[in-house]
Amino acid sequence: MYFSTIGELIAMDGHGSFVWLAYGTTVLVLLVNLMATRLATRKQESALRWRQEVAALQQQQTNNTTEQNDS
Amino acid sequence: MSGSVTASLKQLWHKLGSPRWFYQITRNWVRGFGVMAAVLLLVGCIWGLAFAPPDYQQGNSFRIMYVHVPAAMVSQSLYLGMGVAGFIGLVWRMKLADVAIAATLPLGISLTALALFSGSVWGRPTWGSWWEWDGRTVSTLVMLFLYLGIYALREAIAEADLRARAAALVSLVGTVNIPVIKYSVEWWNTLHQPASFTLTEKPAMPAEMWLPLLVMVLGFYCFAGHNVLSRMRLEILRREANTRWVAELFAAKSVPASITKES
Amino acid sequence: MLALSCQRDQRDLFEPLNLVVGPGECIELLGPNGSGKSTLLRTLAGLHSQYQGEYNSVAAVYQGHRLGLDELLTPLENLAWFAGLQDQHLDRDRALTVLARLGLLAEAHTACYRLSAGQQRRAAIARWLLAEHSLWLLDEPFNALDVQSQVLLNELLHEHCQAGGAVVCATHLQLQVVGKVTLELEPVVEVAL
Amino acid sequence: MLALSCQRDQRDLFEPLNLVVGPGECIELLGPNGSGKSTLLRTLAGLHSQYQGEYNSVAAVYQGHRLGLDELLTPLENLAWFAGLQDQHLDRDRALTVLARLGLLAEAHTACYRLSAGQQRRAAIARWLLAEHSLWLLDEPFNALDVQSQVLLNELLHEHCQAGGAVVCATHLQLQVVGKVTLELEPVVEVAL
Amino acid sequence: MNQLLQRELTATLRTRGSVTNPLGFLLLSLLLFALVDPGAQDGHNSYLSGIFWVLILLTNLLSLDTMFRRDFDSGALEQMLISAHMPFVAVLLRIFVHWLSSGLLMTLFVPLFGLLLGLQTETFLPIMLVMVVGTPAVSLLGSIGAALTVGFSRGGTILALLILPLFLPVLIFGSACISAAISGLSFAAPLTWLGLFSSSSLLLAPWATWAALKISVEMQ
Amino acid sequence: MNQLLQRELTATLRTRGSVTNPLGFLLLSLLLFALVDPGAQDGHNSYLSGIFWVLILLTNLLSLDTMFRRDFDSGALEQMLISAHMPFVAVLLRIFVHWLSSGLLMTLFVPLFGLLLGLQTETFLPIMLVMVVGTPAVSLLGSIGAALTVGFSRGGTILALLILPLFLPVLIFGSACISAAISGLSFAAPLTWLGLFSSSSLLLAPWATWAALKISVEMQ
């Protein structure tokens, strides 16, 4: 490691605030992109699944009623 | 011989146009890119922040380079990618092209903004001001506008087909700006650093300085691959929600027991 | 034209149509306001791409609600422009004959913005006659025409069909053309889910 | 209205008219294209000042060839604007009733540029009904209306006259209004010198 | 009157470009100017701040063109002329909304532009003050020109240019104020003049605009 | 083709403003800039000549807005899309006539403006050369933006701004040429680039414009 202490790593000869600001923003930007995509995908997938479940349910109910009618 | 090659190429092309095929084939790519991005970014960050030697002129502020340069490079590449997608979309009317444009926009915008932001943060200690009017800064800003413009354009047009065509056209035409950003440093000879990586010459920096940069650049590219592909897959799920293959993909494995009992 | 149905905002406008327009046919397109007549005509003209089904597009005259005349130019200049667009030379004498038949000879050299609504319509009609396309796609061409011109337009449509041309004409009046086919657009009944 | 005759480019359009429009009267203004119907109506509405003779101008509804709807706004928003112009408050329920009668209820909240030609015309009609002016100056109001709406418009004109209103309506169709007065504009015959 | 205002606002917001275009134009033209001045890095910022006020006027001027255009084309202007109960108010509201979406909006963005131009932070507030006082005159006087030219799409003339000279007072007093503010001097005198100019155009311009609209509508 | 050209020319000449407006705008905005820069008399000329090229671009840009507007509103654009035998030529002619009435016209007036700005007489010819080579690119690229925006009067967006970035190369090479010309240096290199840029947009822009027009017409 170039720096001898953690303190020095944080201070970076006085340029620390700039460097850490830049890195922090970078991490933030990447994370936001990652999470936004993740969440939206989850949401879409569960919406799709829910649709299928509703469809299956309706199917079953109509089956039930026709069975009842038959009998 | 060549006939069969073109035939199979045509087949591949046809496949490429199919969202379903794309969705299935990219499942593993997304994972691969994700893992690689995580490793590379982690290694690169630690290396760049803690182990690389400081610049003899700029001191430690030069470490911003390891996020600034990859962000700038990837944001340009993404724009170029949108231009290519635009071309494909316009010429072959391929639906996937618009999916790609839509998926590239958010990341492109954020990385351009990041390049601008990290650049200004870097400029404060080195140039002494947050902002300078120089060729590269301005053309990057202009690229941000181009991105935002395409985004706004897509928001403004309600009809899907027209939206796709308009966005493709503007993306394609906008690629004119890429060489401007690329060569701005040479044309203006101003404050900003000239390219440090070129294909023809060896980098001027010592290896301990440019190796972490290389790692970070690769990491950013992998992240972009991961993010754009996942967004494309999401977009495909949205658009193809009513098709059979999506329905099958998300078929209810079983109706929840609670509901079955009631009925 | 196969099972064609046009869309606005991803919404089907009318029940799919099957239609073959042959030479000499005059199709009268009826339907209440908003049933999609204009949209259908625009689609056939290639100006609207949200549709399902298939159709063969051919070079055609299209006359929409908006006339397509440059209002700064005179009728004659407008006609010359249209001819030029199709890479043809405007035969001046023929153009004047056509304008005369439409009662526009006196206005042939008046800028279109100085013409009355009906006069402008007639200038637009001159364009169809000179265009030499066999298919005419007309959207409510009787609007703003006076009684005399309405009779004339019916005659013109008839002549065009006699000469082997075809007409698809959206209208709320009854066409007075012998042998016309009437087509009613049926709005799609939306089924609530 | 005394010996009124309108001019365009210092040229008289029609023989001087003498006309008194009383309550309950419905005047049908006929004349070939270019005879000056629109110009006369614009003059009466106060939008054209090249004329000879005299007339008393009163607050009136004027409906020209162009509809006067802001196409970015919905019919309802347009109506609110017109009410506001006259410093009145739009009674929303009444507006909706009127729109419903015109068959526009479903489109009350759709921006006007997304309406078909006939639907836009009907949105404009709603304005007359809400304006509470007794004189209506209408320039070819039947354009683009479907058959059903044409019948409705005739009814509306009749009702308006029954209620003591007056109508001057330029048209090329025959109004189906009981007690209408027909007025033919006679073009000035130009005498060559 | 409330309904009138609402309509103007709704229509303006729905033409999204009407809000973003002026800002974007201002920013991009500033960029262009910044780019073509390669050498002089020291005088650079004062050069740009000199250009700033002119560009604000020009941007304002450009957005004027659309002020009555859509209403003219759709016939809504005819309706306004026929039925407006209070012409003065009807016109004034239109002008007011134009100002909101141009003059006021640009004023709000002064800090951003100021940072880009490298102006001192203390000058932001004075500049904003000057803009709030000066830009209404631009919208007011400009509306006269917009009203006169709206009918001229055919056979157009250079009437828009006739309005530009009217802006000279705004330009002169405004730039006097701003350069005083930048050098930290008092700018009360030119600001007073600017305010006087704005308020007198507030009283007169709507009438002139109304008359101009009448001419335009008759022209067709 | 002759008939097409004739129509474009006639229509342009009849909207008189289309010829005089850009010139007047250029002149007046130059005056404005000259006015707000009262002090520095030495750097004055280089300041103005720097501004000159930007203003030429801006003026050009402003006149673009009307390029297809009237045809769109009247429905003539629909007719053009349906029946044009050679789309490329039809669009190119329109662009050409726009260039005649903006770029070329301004070029012809360079001596006048040059005298006003106090530029040396020897620089007139080089500047005119640069303008003849560079302004076609503005009309060509601008036509794409004009075509895309013409349908956006409702729900408008910031498309005009999308085009401005495309002008960056023109701006850069052009101002490089002009400043070289003013300092008496050779400007062959940037001029070549400018020429290359113009000619490649000559080949590509009309197609893009055609595609954009199609989108716009479908949008309504």
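Chains: A, B, C, D, E and F, in written order; residue numbering restarts at 1 for each.
The rule we apply is simple: a contact is a pair of C-beta atoms (placed from the backbone, for glycine too) under 8 Å apart; a residue touches a chain by one contact, two chains touch by 3 or more.
No experiment lies behind these values; they were computed from the predicted model shown.
Student: Common contacts of chain D and chain F?
Tutor: For chain D paired with chain F, the chains in contact with each are C, E, in label order.
Student: If you take the chains that touch chain B and keep only those that also touch chain F, what is left?
Tutor: Output, common partners of chain B and chain F: C, E.
Student: Are the two sides of the chain E and chain F contact the same residues or different ones, given that same means over half of the numbers occur on both copies?
Tutor: same
Student: So which chain is farthest from chain A, going by the mean of the CA atoms in each chain?
Tutor: It is D.
Student: Is the C-beta contact count larger for A-B or for D-E?
Tutor: Between the two chain pairs, A-B has more contacting C-beta pairs.
Student: Cα centroid separation between chain E and chain F, in whole Å?
Tutor: Centre separation, chain E to chain F: 24 Å.
Student: Give, as an integer number of Å, the spacing between the C-alpha centres of chain E and chain C.
Tutor: Going by mean C-alpha positions, chain C sits 44 Å from chain E.
Student: Can you give the whole-Å distance between the Cα centres of chain A and chain F?
Tutor: 48
Student: Taking the mean of the CA coordinates per chain, how far is chain A from chain C in Å?
Tutor: 54
Student: Would you give the residues of chain E that are in contact with at least 2 other chains, written as numbers and ranges?
Tutor: Residues 14-16, 20, 24, 28, 35, 37-38, 70, 73, 154-155 of chain E each touch two or more of the other chains.
Student: Can you tell me which residues of chain D touch two or more of the remaining chains?
Tutor: Where chain D meets two or more other chains at a single residue, that happens at 65, 71-72, 111.
Student: For chain F, which residues count as touching chain C in their complex?
Tutor: So the residues of chain F touching chain C come out as 1-4, 6-7, 10-11, 14-15, 70-71, 73-76, 78-86, 90, 217-218.
Student: Which of the residues in chain C end up touching chain B in this complex?
Tutor: 9-10, 49-50
Student: Under the touch definition given earlier, write down the residues of chain B that touch chain E in their complex.
Tutor: Spelled out, the residues of chain B in touch with chain E are 129-131, 133, 135, 138, 141-142, 145, 152, 156, 188, 190.
Student: Give every residue of chain E touching chain F within the complex, in rising order.
Tutor: Touching chain F from chain E are residues 14-18, 20-21, 24-25, 28-29, 32-33, 35-38, 40, 43, 47, 50-51, 53-54, 57-58, 62, 65, 70, 73, 149, 152-161, 164-165, 168, 171-172, 175.
Student: Within the complex, which stretch of chain D touches chain C?
Tutor: Residues 8, 31-34, 38, 65, 103, 107, 114-119, 121-122, 140, 143-150, 172 of chain D touch chain C in their complex.
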